[in-house]
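One structure is given here, and the rest of the page talks about it.
Here the chain labels run A, B, C and D in written order, and each chain numbers its own residues starting at 1.
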């Protein structure tokens, strides 16, 4: 099946970030979004551990281990950086000062519920800042493969895994499509031209609503 | 009647401040305490508007109006000063980080209640930081004339004026005596040698308890 | 991205009738006099904005800055801790005449309520004010044997603050004790406008010394040599100046 | 007044069995490795302190610092947001064996609970965690139509933090993102001990750039060239070093 690779999903998500937006990117796949700011736009990236306006990773051997992001990876400074402590950092998050948070997901439900922190009672649970971000940022988007590696739906009627937050996600970027969540429904906005709506519906665990035109999801080779 | 002047009351209060203590002095009479740090001791003064370790008033014409204390009077900097915002300033207060707050009083009750912000429903009410200080500092002391200008008791059984805080005062320095509040009683510790306990009791609105020796209240001419 | 606003007039143009406006400063220290005066200029010319709720530690002094804003009749309610000053007549007269509402808040509670507004904390418990007239009607709860009262967050449509330097991202520094309520108000308003003595480029402020990160600031206007309220009052200044 | 402590050994000498200890840092950034190792040294020599409750964002990485403290069996309970790392085996094995208790707290709630502990706020409401397993048993209340859960302050007997410079009054600066939880923990502990790269005189730190005012710090110990957890782990370090 033709589908976007993770970098391409990240590219698409990056196109929706406005100039001057304050953005938090979850650990892992969402971090790729930072690479694709459209020309002429400058987003300011926030990391939970107390930096605004940090830059890319340094080259190997140039790391400063006091200058890391929430994923504990080394970053660099950009002009206009600010440092602050964790309470101020989460005042930014919880207080609604971030324009968008882009997170990964295990499951997203059609009512906007998100599960992305725990795969169940086995193992060691870890939550980090995800529960704060989902109830803080003005807009919470998810980027994810459309289905799991073993073919199960990640977009579901109700989450079966422990929730990160209730009714918090408003846009989902997947390997096949772009959907908004409106009135507790998945509303299809864009899809790959190579897949039909019926085929997409078969890979989705809740009803896809179509309101107006569905655009082609067009992404460059990145 | 022989009595201490305000500066002398302040001098006595200053003798109880330990080396290294963090101290907030109320506006007016309590501010005089800062002048009398015993030799070899260094207290650090806190002002609600965001300075630790500020210094004395500048000479006239040398004022920097961005460098003022809670009474809006110009102060100076000492080595080791720190600036901070109001939320951090009252985190210091409310969080129990100040060793002592020394405040003025309209009335102090034998149970430790303090009234020092409002003389009743007439006029414009103003509270400032007093209500925070009385429930924050590790030790709350009052310095005051023993009686009002028209001869009424300021140390009373129960406050008649609006309260600043409940059961918060533990030591009172007056123009005639030094009392602790213990188990909801005034316990006399020191008095001027020129006044008898009976005379002092007659000027006090609640019973003075004597537990052990009552020392002479001895203060230099300042 | 450049948050610079060209003029004081433009900087205050979004403030509408009935809005809640936080105004930084403690007395005259950190008070954004020029932003306040620009708001008065607009009112004198257009009759708006009016019916404002103002949050400040005080209630103005003399006839400039916040006192002048109140004197114009633009303020219907004041939320503050200490409505007294060397010359509080403007507020006092209106208050005693029943023409301005006062919500009196202990200073630390005022600061914490503003911070809570900025930090997404709708309510918190504090020992401050327990058992006093200012706790009337507020929920009481005991924690570890000690009583506390519950206080609500405070938010605003606009914050007008005074900072020292600002870069075009909105990162701010403050001058000495002029910091006071200003950084908190930056956090708690939908739109924060800072007047700064100088606008610099991103990178010109050491990231370690930024006090208010730019995320809390929506607009910056340069006032290279700001007036000090105390100096104006010592000169018996009145704003707007009387024009014959 | 001089808050300097002469040795790491003396700096951690007051920590007793069963105490709650906040340890600064986010991963290895800002982690006071030398203070932690001094505490381990004491335990190896004396068998104390043990049965500690530790508050940290994480649960250690590899076999140094916090991971080593846990590996020694000194920690009976961990309060953290993210007990995973590149090499979390020490904690994971003990946790799965039921030998260490875990209180998992969302990161922003953890920061806010610590700040609340330092600021005298016994409880506050947050939207974070509402409707999730981590809200179980916590009071829920609606404000302005939105549900929030109530969280309690977090305090400690000791905080061990890593700062950059400290003056003898205890005023601190931090290095870049090594700030993180450190300033909050300074506020929330009965006794805060900071390891600093350099101890300077009062006045040597610009008062505008002080991040943690000295009132929040009880002791300072100089570690001129502190180790970085990441560097130690990349070298496969183990603490204490195995001595034959």
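In this section, a contact is a pair of C-beta atoms (placed from the backbone, for glycine too) under 8 Å apart; a residue touches a chain by one contact, two chains touch by 3 or more.
Since the model is a prediction, treat every value here as computed from it, not as a measurement.
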Neighbouring chains shared between subunit C and subunit D, ordered by label: A, B
Label of the chain whose CA centroid is most distant from the centroid of subunit B: A
Centre distance in Å when subunit A and subunit D are each reduced to the mean of their C-alpha atoms: 30
Separation of subunit B from subunit D, taking each centre as the mean of its C-alpha atoms, in whole Å: 36
Per-residue multi-chain contacts in subunit D, two or more chains: 112, 115, 119-121, 126-127, 174, 176, 207-208
Of all residues in subunit B, the ones touching two or more other chains: 83-84, 87, 90, 93-94, 135-136
Complete list of chain pairs which touch one another: A-C, A-D, B-C, B-D, C-D
Subunit D - residues contacting subunit A, complex: 26-30, 57, 59, 81-86, 88, 91-92, 95-96, 102, 104-112, 114-115, 126-134, 174-184, 211, 228-231
For the subunit D and subunit C complex, residues of the former touching the latter: 112, 116, 119-127, 141, 143-144, 146, 148, 152, 173-174, 176, 206-209
Residue ranges of subunit A touching subunit D (in the complex, touch as defined): 47-51, 63-68, 72, 83-87, 89-90, 93-94, 118, 123-132, 135-136, 162-166
For the subunit B and subunit D complex, residues of the former touching the latter: 19-20, 22, 42, 44, 46, 52-53, 77-84, 87-88, 90-98, 135-136
Touch list for subunit D against partner subunit B, complex: 1, 115, 117-121, 167-169, 171, 187, 201-203, 207-208, 210, 213-216
